[in-house]
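Take a look at the structures below.
Same chain, two partners: chain A is paired with chain B first, then with chain C.
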Partner chain A sequence: MSAKQKTQETTSYKPYSWQAILEFRAMWVVLALGLVLPFVISKPLATEIMVYALFALAFNLLLGHTGIISFGHAGYLGAGAYAGAMVVYYGGVGVWVSLLAAMAGGTLVAVLIGLLAVKRKGAYFAMISLAIAQMLYFLALSPFKRWTDGEDSLKLPPLSVDFPFHIDLSDQLSLYYFVFVIVALAVLAQWRILSSPFGHALKGIRENEDRIRACGFDITRIKFLSIIYSGLFSGLAGGLLAIYLGAASITILFWMTSGIVVMQTVLGGTHTFMGPFIGTAVFLYLRNNISNYTDRWEMWVGAMFMALILLFPEGIWGTIVQKIGERRRPSAS
Partner chain B sequence: MLLQTKGICKHFGGLKAVDQVDFSIEQGKLKSIIGPNGAGKTTFFNLVSGLYKPTHGQVTFQGKDVSHASMNERSQLGITKTYQITSIFPRLSVFENVRLAAQSRVSMFNSWRKAYSYSAINNRTMEILEHVGLADQQGRTASELSHGEKRYLEIGIALATEPTILLLDEPTAGMSPAETVEATHLIRKLSNELKLTIILIEHDISVVMGISDEVMVLHEGKKLAEDTPEKISANETVQNVYLGKGAEPCSR
Partner chain C sequence: MELSWEIILMQVIMGLALGAIYVLLASGLSIIFGLLDVLNFAHGTFYMLGAYAMFTAISLCGNFWVGLVAAVVIVSLIGGLFEITLLKRLYGTDQIYPLLLCFGLGIFIPDIIKMAFGLIGKVVDYPAMLQGATFVGNLILPKYRIFLVVLMALVLLALYVFMKKTSIGMIIRAATRDRLMVNCLGINVSRVWTVGFMLGIGLAALAGAVAAPMVQTIPNMGDEMTVEAFVVVVIGGLGSLGGAALGGLILGQVVSFVSLLAPDWSNVSIFLTMALILVLRPRGLFGEEGRD
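And then the complex of A and B:
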């Protein structure tokens, strides 16, 4: 009898931290705001935010959740964009197949980078991933020009979806909601992955790699899978980007894409789930507005980036979460 | 014999950190390794846990040669060590620190099921937190714990991997004398209640004398003596190492 009582006592655990609950709610709030976004800002900008937010979240699977710095994410995004566009251009397939091809393209590059670099740490991983992404850029630019059209982007015909119902993607609002639904599903899938035993193991690697290895986790294979997931979601973002732009363009593969995703992620907060999403929205909104006034938008965005990072050292969302935590502490203990 | 080392050596260049050490421990025993700083205690542990591979000699565990198995492979076999310098997951909760280690026995790659839906793991985590006296701290962030509590968490993480043999590297490092006494009792209790085989490293003889079944003394990488605590205390060579003639001017 007392033994039974004891087991009941021992089950009284509450595993979810306040951060996890806060992030979960924030995710739903952001997605709900996404429903009305095209009525607040221009439809193309809203679409662009969604695509790059997915890309930044995928990037942060490595940087924030696993602790791997990648400077080669343009490679995944570009591979996704080109794979998605080429199957439409040469194969005449539909949008859904194109998105599957985009995911496969991103995953393939992730396998390549993973096999070569998974055991490298810090700057070494960053450099190998950058080198491979640059290699892809130059391959697409010249040797594969026959298939990629090099500096002229690979242009797509107007697209529409017929399953499960007809969506005309040349209509800006339809395109936005099409992209939004896919991004929302991908965000939920990433949340699910991070809530899984695998996702928790990633946090363990980020927190203390030696200790998690000593606990018996196979670090190399876990990191490898993390790179694959990052490549898969980045590839999906690339496929959506090609549909949004109506083309796969060589600038997607340029190293600056890899740099900008780092800025967007850091701006939002790497140690959070929704930070990269929020960082992307702020970054693209600022860039879009500033570039309306000046061609030298990089300088102004750079200055604002520095100002924001000084104001929000943990990123915009990261710092808000931190402040909430500080406010909670006196009452909690 | 549960675990055995035969003529094990680890050389770092010209330095023989561990030199020809034969060691063995039976199931359910608590054996301590003592020696002055730099005697090779931690290096010996790292050879057993798999962080280092031996220069010569072999390690056998449950009759199998594991000399070349990696650290995570040995952990999965049941050899787990704690760290002399506290090594926890600072930004995760106390509960999650232990749960993650417990999870290592069940799932690493499942990316869909919810991590907190494994009730067996959750229950086991709470049991361990109760064993090490941290059950009421479960929701706190690990970095907020006191030094002593972190040392207990360290042991809790190790216990969660369901070790057959537990290697404790100076578990009382940095503790006050009162905390040390308490921790020593806890270690003996774990050994008795959980039928754990424990190897304990200490540089402070007094900590281990009361709780060990046997004691091995290392000095400059070599085994100096191996016996019951009583006989070790009476051993003249051991006394010389610890009270060493060179130390006299300092102790005055």
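And then the complex of A and C:
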């Protein structure tokens, strides 16, 4: 199959290249904008954008940076949400422990999918990850109904944080800033991971797997780690989502969640670092507004997504980065 | 529960009928992937379109068989149109883009159907000659299920003959192996792809059309089927028709028996079967070495 596949000319970024610097600045600009976001749009929407942006960035670790097509991310997010909610619901533990449990939940599912599918490429990985996530959905729906409450979501009591200082999470603004700080830290952690030698090996695998193997890298191990990182951050996003929603609901596990994160990521630009973040913000803002006017938002989203794939496959931020690159090229060469 | 051999045989037949639908659906998916290298995320959507085309055709002309043919032809043409106008532009790009285009189509079309037909399910009647059941001794054989199994066998036979004995089938097989070489031999590969895509979509539509009387025809009936078709081809081995057939039949039996013994687990069992096969034989039952 690899012979059949032609990699599109991608805007890959190198360490300390103009692109890495641009992305680095964009990251700080976006995070700075995040500080004032709840005063520009509604607080719940702002919180939702932060949570899903973290999820999209985690997803893009696989799609954009390693070149693995995953359609099973609903499984990571849902496992995170349920693990986080269940330890609170049954164990009565605090928010921090709940987030740790969420990360553990996401990682566990990543290990499962990784073990089954890490050696499969392209479409195969997409199908297997999708199937495993769907299995979790059906498990939570009926056989494990006793613990997950099936179609009725698992509802959480009002939460508050006591360490390091008191934060009342039932207040919308406090909740936003709580989520924002965690998401910002996770974004920085992902930036750190991707700037490491490991992060560059990931990009090497995306561009030319055989060559990286020939260089002596253990492809399977690197890919597996990348899946784990993706599951870890997705699980964290799931834990935050459960806190934001005040519940772990079964729709999080449904495969449309995986589809939506793909759309958000591609909308922003898969071959960039901040693209998924920007794509998520635009996607959720549009969805919020379109659904005020029509019940048929799926039709509009589907049509716009097809147009995006055909006309701007690099996405919003990806296209901007590309244009800047084209403008630089004459002087650079 | 007492498990008499009648009940067991009955479940086998139910499983065969369900398996027949999986086989039709998955063989279409497999042909499209093998030939075009496109993972058709809208496969379940075309299955749903098949059911709705069937409903529309029957309500217009009143005949089940005319409806069946019309459904397959109409939906294949829609598929062909999609391939020629949109999908074709993305060949030669990264594998993810055609996949995502199909995914977008799979979100777009069900909403159109919701607008055109409403959210409430449509009923497609069994044809008069296939209603009810025949009795063999104590055994109740629902005629329609038997028909499905026979239809599947005939379609598989026809596909086999088409692929192995006709010149266009030979070209399709050759193009699956090496598209560049076939192009060099002066054959218009792009037209072969359109034919292959329409063939795959036609099989999905046929699956939807024959499933319509047994299941509820609703706009989202295809969502689950896309995933289940994926599971079948993962079990059978991607790109192998024999694999799709065997995988579909296995899955039909698994679902049929698990729904009888542990109904809660029937949906989960599909995926557990897949996971088990992946552990035992990672490339699928009939998967070729290296095609992963």
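By our rule, the second predicted complex is superposed on the first by the 307 of 333 C-alpha atoms of A that agree within 3 Å, B and C clash if a C-alpha of one lies under 4 Å from a C-alpha of the other, contacts with A are read in each partner's own complex, and residues count from 1 in each chain.
Keep this in mind: contacts are C-beta pairs under 8 Å (C-beta built on N, C-alpha and C of every residue); 3 or more make two chains touch, one makes a residue touch a chain.
A quick note: this is a predicted structure, and the numbers were derived from the prediction, not measured.
Within the superposed three-chain model, A:Trp28 lies out of touch with both chain B and chain C [touch as defined at top]. Residue contacts after overlaying the shared chain place A:Gly216 against chain B, while chain C stays out of touching range. In the superposition on chain A, contact of A:Ile309 is made with chain C only, not with chain B. By the touch criterion stated above, A:Tyr90 is placed in contact with neither chain B nor chain C.
Looking at the shared chain after the overlay, A:Trp147 reaches neither chain B nor chain C. Counting residues of chain A touched by each partner, chain B versus chain C, the larger count belongs to C. When both complexes are overlaid on chain A, the residue A:His200 reaches chain B alone and has no touch with chain C. Using the contact criterion defined above for the overlaid structures, shared-chain residue A:Tyr229 touches chain B, although it does not reach chain C.
In the superposition on chain A, the residues of chain A contacted by chain B and by chain C overlap at 7.
Those residues of chain C that touch chain A in the shared complex are 33, 37, 39, 86, 89-90, 92-97, 99-101, 103-112, 114-115, 179, 223, 227, 230-231, 233-234, 238, 264-265, 267-268, 270-272, 274-275, 278-279, 282, 291-292.
Those residues of chain A that touch chain C in the complex are listed here as 1, 4-8, 63, 69, 116-117, 119-124, 126-128, 130-132, 134-135, 138-139, 141-143, 145, 255-256, 259, 262-263, 266, 270, 296, 298-299, 301-303, 305-306, 309-310, 313.
For chain A in complex with chain B, the residues that touch the partner chain are 7, 10-17, 192-193, 195-201, 203-204, 207-208, 210-219, 221-222, 225, 229, 271. Those residues of chain B that touch chain A in the shared complex are 49, 71-72, 75-76, 80-81, 83, 87-93, 95-96, 99-101, 103-116, 118-119, 122-123, 125-127, 130, 138-139, 141, 157, 160-161.
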